[in-house]
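Below you will find the structure I want to go over with you.
Letters are used for the chains, namely A, B, C and D, taken in the order the chains are written, and counting of residues starts over at 1 for each.
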Amino acid sequence: MSAHALTNRESLLAARIREETGVKVAECYQCGKCTAGCPMARWMDISPNQIMRNLQTGDEADENRLLSCQALWHCAGCLTCTQRCPKGLDPAAVMDVLREAARRRGTVPASARKVLAFHEAFLKTVEDFGRMNEWPLVARYKLATGDLFADVLLAPEMLLKGKLPIVPHAIRGREEVRRIFRESRKKEKR
Amino acid sequence: MKACGYYPGCSLAGGGVELDLSIREVSKAAGVDLREIEDWNCCGATAAHCLNHDLAVALPYRVLSLAEEQGLAEVLAPCAACFSRLKGTNLRLARSAELAGRVRAVVGRPYGGGVKIVNVNEFCGRLAAGGLKDKLSKPLGLKVAGYYGCLLSRGEGIVEGEDPENPSAMDAVIRAAGCEPVSWNFSTECCGGGFSMSKTEAVVELSAAVLADARAAGADLVVTGCPMCHSNLDMRQRSMGSEGRGMPVLYLSELLGLACGLKPEALGLNRHFTDAGPIASPLSVRGERRPSECGASRNTSTPGGR
Amino acid sequence: MTFEPRITAFVCNWCTYAGADLTGTSRLSYAPNIRIVKLPCTGRIDPLFVLKAFEGGADAVLISGCHPGDCHYASGNYHARRRWSLFRKLLAFTGIDENRVFFSWVSAAEGQKFANLVNKVTEQVRAAGPFGERNLARRRL
Amino acid sequence: MRRFPKYVNAGRALMARIGVFICHCGENIGRTVDCPAAAAEAAKLPGVVLSLDYKYMCSDPGQQMINKAIAEKLLTGAVVAACSPRMHERTFRSAAAQAGLNPYLLEMANVREHCSWVHSERAAATAKANDLIRVMVEKVRRNKALFPIRVPVEPTALVVGGGIAGIQAALDIAAGGGKVVLVERSPSIGGHMARLSETFPTLDCSQCILTPRMVEAASHPDIRLMTYSEVEAVEGFVGSFEVTVRRKARYVDPEKCTGCGDCFNKCPLKKIPSEFDAGLGSRRAIYVPFPQAVPNKPVIDAANCTMLTKGKCGLCAKVCARGAIDYKDQDRLEKVKAGAVVLAAGFELWDHSAYGEYGGGRLKDVIDGFAFERLASASGPTGGEIRRPSDGSEPKTVVFIQCCGSRDDKKGKGYCSKICCMYTAKHAMLYRHKVHDGRAVVFYMDVRAAGKGYEEFVRRAIEADGAEYVRGRVSRVYRRRDGKLVVKGADTLVGRPMTVEADLVVLADAMVPRRGAEKLAQLFGVGCDTDGFYSEAHPKLRPVETAAAGVFLAGACQAPKDIPDSVAQASAAAAKALGLFAKPELEREPVIARVNKNLCVHCRACINACPYGAAKDFEIKDRAGKLLRVVAEVNEGLCQGCGTCAAVCRSNSVDLDGFSDEQVCAQIAALE
């Protein structure tokens, strides 16, 4: 962590964001253009500009609320906010760091469970096979969420149209990929 | 362009198989030798960069390293998400030596940073102006809404030479296919991206708005370069209201292939959820029908709930 | 006897000279090793003035003017700064340790900064020792 | 390598008769510095004929001591060792002058601020005082008599820019007894203010308060209008500028023209977009920009007139009873003499086509503030009715977007344009007055209404006139097929996105300097900030002056300003100009650079380094006028005496009076 804080209110989380993304949250002047253009804002409990604001206060309660909000998990990563931010900040990258932090601290809200489960199922599949494979991914996701019947009707047609390969493809360098996962996870646990 | 490295990415082996088929077909027609990176792995997609930063760089790093090892100076990544992850990784590695060193240790492979990543719009643009120039024999005469979505319009340093608010890379390809690019409002609005399974209602709503705007702009079909956008726009139509239904959604490479007179099945047109049949036969084959009539016939031939 | 360095300072009339005046009116004290030569602007400083100072027995030279952007003459201090980056090479060529030439910005409002600057420079030069034996021999004090 | 003479000017040094006067300043110096000892030490210095110390040198007896010594000892120079020269240099130099010694032969050694007040150890302080005195004696031995530079003052002000700031400055200068030449680029004076509908916060009709001023300026005997003219070149310096003005071809003889209007009523080219009406209305190829124009004489737009482009038509000449039309008219250059200059170059609106997310300038119903002013103006293209440019319908929902290009580091300008909050409130208010069932939605970031009656005005727009203020920046505006403009904004106070379907969108574009403003600044040696606004000499204490002596600023060319601020600054600039005119001559310190033309090798280093453009090429010619060689020369009037040229000179041919190489080197050598 950097010894020198940008402002005397800069929290450890804000400092981490600065280091990982170059975004100084103190520079946000709360114009709201990120919220205005966000396609997912309607499904967010805290709007993107408020996410930035909660990082500015340096208040622990604000930070905790932020890390347990579902908005983080409803960001589609479409970069509209980043593209249009008049301060040249990168809220989309801030979201990435916050999601990582929320998962590390175990503060992912129940309402975002499905999103997280999907991401985790995705990565588990990649870890196992080296690639994403639809069957194992869907199976894992459904087991994790208990959401057994959603989209079941799509499957037969996908099969029929050759969009669901029946035999999962595993790459030769699986061991290499697993090593990448192992090594990357070390940082996650830090 | 005689040869080009190829990174299909996971989607193209599954839900995005039409993109893979059509890319291979048009490349063949243009005389471009696609060299698939051997033993490539997943780029990590949205999941990795949502959950683990290092992983989000390390997975693409292995792909880039393999490509370099296999002597591929340029790699086509047709999937917009893969393109964004691979090129973004290139950028981040170039910006931070510290990161490059760390990731090298994580992956245990060298990478010198010399692999250029090309997206589907750039690739199709080059084919249309190059190898396919004399083969675009079947002008389709359709009104086409070029849909860039997020990853082929935004991202500083990743999507190059493009006005992010008013992108135009697809226009030349659409015109080369004998079609008219329509001016519409939602060409860069998000379709809901990776929330297809986990937040389906959002995807249905956002994708329906995209399709509705394309329809209002008079488009006969929508073309895209992103398998994720494609699956949202194509497969989710039956959950939408009437404003979203019955709009064929093709890959840009499919459109290009059709204009070259390639067989629709070979390009994967029969694999879409929303029937693209009526537009599959070029104008010259269909006789003197004007695009608007063809649009009308499209509506009748696409039953809402199959 | 401990070594007392001799420091020649070239300062501009509008910022640093006035800043040094403020140090005085504020009754802040600093090491008495400095001798100020006033010029209209740091832009007036010919590199040879600096060499001349060393030739005359100075152990260090301090150059101080207005902050960048605040020059009374619009851009004189920029010229001085640019010239200084070239002058470093000349110093190396003549065998003068470039650490014996100090460059600073002191505004008319920075009395304390001027005192600190002089003390810091004096300390550093005292630690570094006399510029040359020859000079020491010629010293009047 | 250049060599510095070690024993320079030995002859003069030998003849030197220098007096040293050491002040105790009560106890201030005497407590720390042993003044009698210092005086004894100074007496030993070569050329010193007298050395005294005294309790208070600046007192009357002290000064008389100096006077007496000068007279009796026939001093050729004097050193007063006392306080800082910033304190008493003037005092002692005038004393010397009274006694017949050229004041520039007296120097001060600063033994108080730089010695006794900052050191406590007596021996060290005395030693330092000795050094400081010795240094100054060595300098004075080489001082030359200098004489203040006198420059005659031409009591005429050149005012560049005929907007409200330029008009106000011209009127004030003329009222104070000066003469004025007012240069305006466009065919009429009046500037942007003539285009406004009503003004905040009083809703005065803009033209009603402006046009009397325009007429007054035109009819004032001491104000000469040069409209449709531009400054082409500037020579000279404060007190005597010589400015070349390009009088653009009008193709209409203003002497003959009566302003009857027959020509422009007959001109067949009717569809040229009117600049005055922000493109919403049209004008002819021969036109006056607006009906109240001053002078009310038309010009021909050479780019559009078919007679001038293709030699076809000639209708205006046929209908002109006075024969005022002259298709052969050409640009003329005219020289104007002026003692002072007021730059009032004004502003323009930032081009919002960089905002692709707001339609990139392609959407007809997304307009800027001036276009709205013209829509709201009774003399505008719609007669004061608010209409959509696309279809002429009355908009029922108007969205106003503030900070378009302002406070935007990425695509626009980092600064706040200061006036947009107010004119947007005015627009919303005017719209609600005109369209009673219409919605006015204002997207803002902060409302900055610092001014007399301003905050009350904004509150009135909200509370009495029902403007809907929403705090948030708009992300996107697009036109739906049905013609509605979809505005995707946010309400950050509630914390949610907010979409408004609008009929008209008004962007409060940032204020930026006029195109060409930078070139004008260069002509006059005025600096610009990074945004291109003119730099004042000091941001706090000299907000009207520039770094160029005799050139003053008025209005929005210096920074975004509203009308009252522009007018106030214009009056201040006028006062500065009149201050210059108050004396027939200017007197300046003689610290200036000189070029030894025999030594100059014309490397141009001084010319490139001079911040004032005072160092210039000089052609040496023989009697027959044949060019012998080119050297550098310093213009006394422009030189401010920084000495940068002397330091960069490679042939040792430039020197600075008062701080010559010889003097400085002698000072350095005295420290040995």
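By our rule, a contact is a pair of C-beta atoms (placed from the backbone, for glycine too) under 8 Å apart; a residue touches a chain by one contact, two chains touch by 3 or more.
Computed from a prediction, not measured in an experiment: that's the story for all the values here.
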_chain D reached from chain A - shortest hop count over touching chains_ = 1
*Would you say A-B or C-D is joined by more C-beta pairs in contact?*
A-B
*asked:* Suppose chain centres are the mean of their C-alpha atoms. Which chain sits farthest from chain C?
replied: B
_Centre distance in Å when chain A and chain C are each reduced to the mean of their C-alpha atoms_ = 56
*asked:* Report the inter-centroid distance (CA atoms only) between chain C and chain D in whole Å.
replied: 35
*Would you kindly tell me how far, in whole Å, the mean C-alpha position of chain C lies from that of chain B?*
65
*Between chain B and chain A, distance of the C-alpha-averaged centres to the nearest whole Å*: 23
*asked:* Two-or-more-chain contact residues of chain D, please, as numbers and ranges.
replied: 357
_Quick check on chain A: which residues sit in contact with 2+ other chains?_
42, 80
*Got a list of which chains touch which?*
A-B, A-D, B-D, C-D
*chain A to chain B touching residues, read off their complex*: 20, 39-40, 42-43, 74, 76-80, 82-83, 96-97, 99-100, 103, 114-115, 117-120, 122-123, 126, 130-134, 138, 141, 150-151, 154, 157-158, 161-165, 169, 171-173, 176-177, 179-181, 183-185, 187-188
*State the interface residues of chain D toward chain C in the complex, per the touch definition above.*
1-2, 4, 84, 86, 110, 112-115, 117-121, 124-125, 127-128, 131-132, 135, 527, 547, 591, 609, 611-612, 640-644, 646-648, 656, 659, 661, 664-665, 667-669, 671-672
*Touching chain B in the complex: which residues of chain D?*
356-357, 360, 478-481, 486
*Which bits of chain B are touching chain D when the two form their complex?*
163-166, 185, 216-217
*If you look only at chain B, which of its residues touch chain A in the complex?*
10-11, 13-15, 17, 39-42, 44-55, 58-59, 62, 105-109, 149-151, 154-156, 164-165, 189-190, 192-195, 197-200, 202, 206, 235, 270-273, 306
